[in-house]
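The following pair of complexes shares a single chain, subunit A, combined with subunit B in the former and subunit C in the latter.
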Partner chain A sequence: MRLPPSARALPALFKVGFSEAVAYRAEFLVWMFSTTMPLIMLALWSAVARDAPVGRFGQKEFVAYFLATFIVRQLTGSWVAWEMNYEIRHGTLARRLLRPIHPMLMYAVQNLAAQPLRLVVALPMAVLWLASVGTGQLSRDPVLWMAWAAAMLGSWLVTFFSSFAIGSLSFFMESSVKIMDVWLTLFFVFSGYLIPVELFPPAVRTLGDWLPFRYQIGLPVELMTSAHDRHAALALLARQWAWVALLLLGALWLWRRGLRRFAAYGG
Partner chain B sequence: MISVKDLCKHYQVHKRPPGLKAAFRSVFHRSFTTVKAVDGITFDIRTGARVGFLGPNGAGKTTTLKVLAGLLHPTSGEVRVDGHVPRKREHAYLKKIMLVTGQKQQLLWDLPPAETFELNRAIYDVPAAEYRETVAELSELLELSDLITKPARQLSLGERMKCELAAALIHRPKVLFMDEPTIGLDVSMQAVIRGFIKRYNELRGATILLTSHYMDDVAALCPRVIVIDKGRLSYDGGLDALVRQVRPEKRVVLHLERPVSQADLAQLGKVVSHDTAEAVLQVAQEVVNATVTRALATLPVQDLTVENAPLEEVMSELFARSRAARESEPEAVPS
Partner chain C sequence: MSLPRYWRLLRAQVRASTLTLLQYRFDFLADGFLEILWASTSLVPLFVVFRTRESVAGWSFGEALLVTGWFILLQGILEGAINPSLTSVVEHIRMGTLDFVLLKPADAQFLVSTAKFQPWRATNILTAGVVFVYAFHLIGRSPSLAGLIAAVFLLFSSTLLLYSMWILTVSAAFYVVKIDNLSFLFSSIFDAARWPSTIFRGGLSFVFTFVIPLALMTTYPALALLGRLHGSTLLLALTGSILFALLARVVWLASIGKYTSASS
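Moving on, here comes the complex of A and B:
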């Protein structure tokens, strides 16, 4: 069976994406270290939990939680909204549009191709995390680990599609970067990036369950730290993938509508 | 191959006067104007033709090329290229065309051009044998061998343009839209690029629609020209016919053995320029033979040529006529 042309182009796209990530390695490393907020939160919350635990979180649990947050954030990040905003405003999106491959796929592969470089930072953190948790504390349930793998993929897809949708808003307004700033503010509050979701008051937590942000970071981190049984994990995973589907449809709708307005100024 | 009927592309453009007050006011109230970049143009181009698409800055040339390449959705009108509707951007269509712009680059900036070639091979699904053959052919024609392994950002403008062309042709497009491909290049590099474009057209039978402000490009490459101004078609036909239509007079260029007086020259025709060694006369087409005969008989002529008016002058005259014709029309309609 012969693969469709877009699928056959993936290895070359991946290779070029990786070569570009390597070419910008200094900038890339600076960016990676600028995402160390979970390590700051780790220090902060560990200090808070020194005298007494906060909920189920003692110092050790906070260390495990925020190291896991750091790893998940490194491996599921996407910067496509900024890239699209620039390319749409400057007309350089034209270069992508001339190629017989969907630009969403090109952006996706470009983002994923940078992951091997991120592993350089994420892997030592994973070793640290294992050392802090202790292998004895890890779940022995293979279903939970499969759910975690699916949640990691879902996490990246929620992040990528939401970012793509916001990037597509640049077709309709002069810049969508401010919208991304608003999204990031909500992300910081509701995703579990700064505070574990379970420490929220019940009403805020319920609200967070219905928003997409928890599925960007919180869910895979919770699965790594054995916060859920099988039933709860699968229920949350179903919600995450419902968001994946919804955001994909939304992103494609905005893209198609927006493309009609593309002026290709300067491109 | 290319069919354009009543093509219009209008933009809504936000306008505000300069200054802080106007900037503040624009937060609450914005006024827009409709700019008619392309305003009802119609033309057809047959397979394998080389056509020059000319006009002053802001005439709508690039907008039309972008519509043809599927980058812009037309406001109205019908566009077909090799049976495809460009705005649908079908992959089968995108594999047949390429838009090359002299001012923008598609090469991966920090990587050697060879990486862009390889990427294009994969994206356009070019079979390995055909790819090797094409790269070898392009490398020879454009003398690329030393260039394709250096990062694109370290190449000179001319070197980069050669690599841009090669990258654009990896998939052997049947239709090439070229927007000022020689802009900014020195004279010898312009000649190289021109020669290459002509050779590609002859070798592959590709249809080429080219915009350029360098009339040498047009004269060397385009037997037919389409001229637009302010989005409207002002001429479509042969380049020679355009010259005859706009400047029917001929130029008689006299290379002189010794200086002659202005008065002697004026008896033969209108003196366009005159110095000790050369004089240029402008005369009506019908009297060229008589003028040449008289010049040879009465003046110390060493050599003599009969030429058309320079293309730059022809185009300036054509644009001036178009401007005069639409002088009474408003430029933009407030909305």
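Moving on, here comes the complex of A and C:
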């Protein structure tokens, strides 16, 4: 049986992406350290919880929550919007178009190839997380852990597809990066990155449930900290994957429409 | 090198960057809007935190708002007047085009520091003003004159500190070149300054007071406005920041001596 050429190219692309990440390891490290926001929020919320717990969150719960946030952000990040913006404006996207693989797949593999390096930071954090939570507190329900794995994948896909869609906007406008900034601003508020979504007033919570941002960070973190029972977890997971599907369609549509307008400046 | 000459030079540089930005009118408006959005979302965690209690680490809601107001103000200065210029230096060093700057008959540090401004960040000053007024409305009194004067001095010293830290960062670019993402690291650390420094304990508290003096930049000015800052602390902050600026100048001069263009 012969695999299609794109499938055979994937391992090679993965290798290239990994070597790239290793080659720029200093830069990579700086990137990783610039996502230390959860640790600062951890300090803040611990200070808040010092006198009395907030909702179900005592100091210990906040530690578990924000360490989990750090891990999830490390492993589900995507910067494809910036890369696409750069390549479209400089015309270097032409190089990708020449290859017989859909550029979206190329970007995705490149993104995933950096993940092993991110584990270098995420794993010690995970050990720290386990130590802080205590293994006794972990959920014993295998369904919930499977849901967590699916939620991690889903959260990367939501991030990647939304980033890809915004990157595709560079075909239409000079500064899609600005749109990315707006997205990120909303992401910081609604994703549970700075504030656990439970702590929002009910109206804001409902709004957040319908927006995609919570499914980028909040859902996997909540599953890690056993905030949901089976039923609730699966319902939220369904919403997340609905967003995955919607964003995939949107991203592909924008890409197709945009590509027609593409002209490689300067070749 | 006379002062009026540099004043004229500064005006010319500001004018040039404003005109460049006005070419992209949509961007100009969008950025103004984005600034306001960004500043107001930086208030969200504060609202959520204080929904559950009256005070955190000894700070009431109004008082903590003052700190956030300073954070918004300084972020405007950092990203409007300091960040853009110095990011372009890194680019210059990498491309070797810093030669053109060095050839000009004016101080190179001055030229690179004033190369680019982003005037729409001035909206941050307005936002900060609104936050200050609201905060004092909540506290129920107005700041004393002495407090205001002290705050102005601290504004000067924290701007100087931010600028010097940036000069040091850029000086590093002469040695390691590929550091354009250091600006992201810098802003993400600076983000901690939106909270009163007393919420941080242990190691973090030490780092944010002495290594990266975030406490000095936002918490002290807020304390000054509240009239709770000691005169001696103010004096110490001023001397410290001036010494730091001098140090940055020395390091800059040493690093620029190392510069060997890109193509040679």
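General remarks:
Keep in mind that, in the parts below, the second predicted complex is superposed on the first by the 265 of 267 C-alpha atoms of A that agree within 3 Å, B and C clash if a C-alpha of one lies under 4 Å from a C-alpha of the other, contacts with A are read in each partner's own complex, and residues count from 1 in each chain.
In the analysis below, a contact is a pair of C-beta atoms (placed from the backbone, for glycine too) under 8 Å apart; a residue touches a chain by one contact, two chains touch by 3 or more.
Quick caveat, the model's predicted, so the values are computed rather than measured.
Of the two partner chains, subunit C is the only one that A:47 touches; subunit B does not reach it. Judged by the touch definition given at the top, the superposed model places A:189 against subunit C, while subunit B stays out of reach. With both complexes superposed, C is the one of subunit B and subunit C in contact with more subunit A residues.
Touch criterion not met for A:206: it reaches neither subunit B nor subunit C. Of the two partner chains placed by superposition, only subunit C is touched by A:178; subunit B is not.
In the superposed model, A:13 lies in contact with subunit B only, and not with subunit C.
Across the two superposed structures, the residue set of subunit A contacted by subunit B and also by subunit C is 24. Residues of subunit A that touch subunit B in their complex: 5, 8-9, 11-13, 15-16, 19-20, 23-24, 92, 94-95, 97-101, 259-260, 262-264, 266-267. On the side of subunit B, the complex with subunit A involves touching residues 11, 66, 69-73, 89, 91-92, 94-95, 97-99, 104, 106, 108, 110-111, 115, 118-125, 151.
Listed in rising order, the residues of subunit C touching subunit A in the complex are 24, 27, 30-31, 34, 37-38, 41, 44-45, 48-49, 51-53, 56-57, 176, 178-179, 181-182, 184-185, 187-189, 191-192, 195, 199-201, 204.
Against subunit C, in their complex, subunit A makes its touches with residues 24, 26-27, 30-31, 33-37, 40-41, 43-45, 47-48, 50-52, 54-55, 174-175, 178, 181-182, 185-186, 188-189, 194-195, 199-201.
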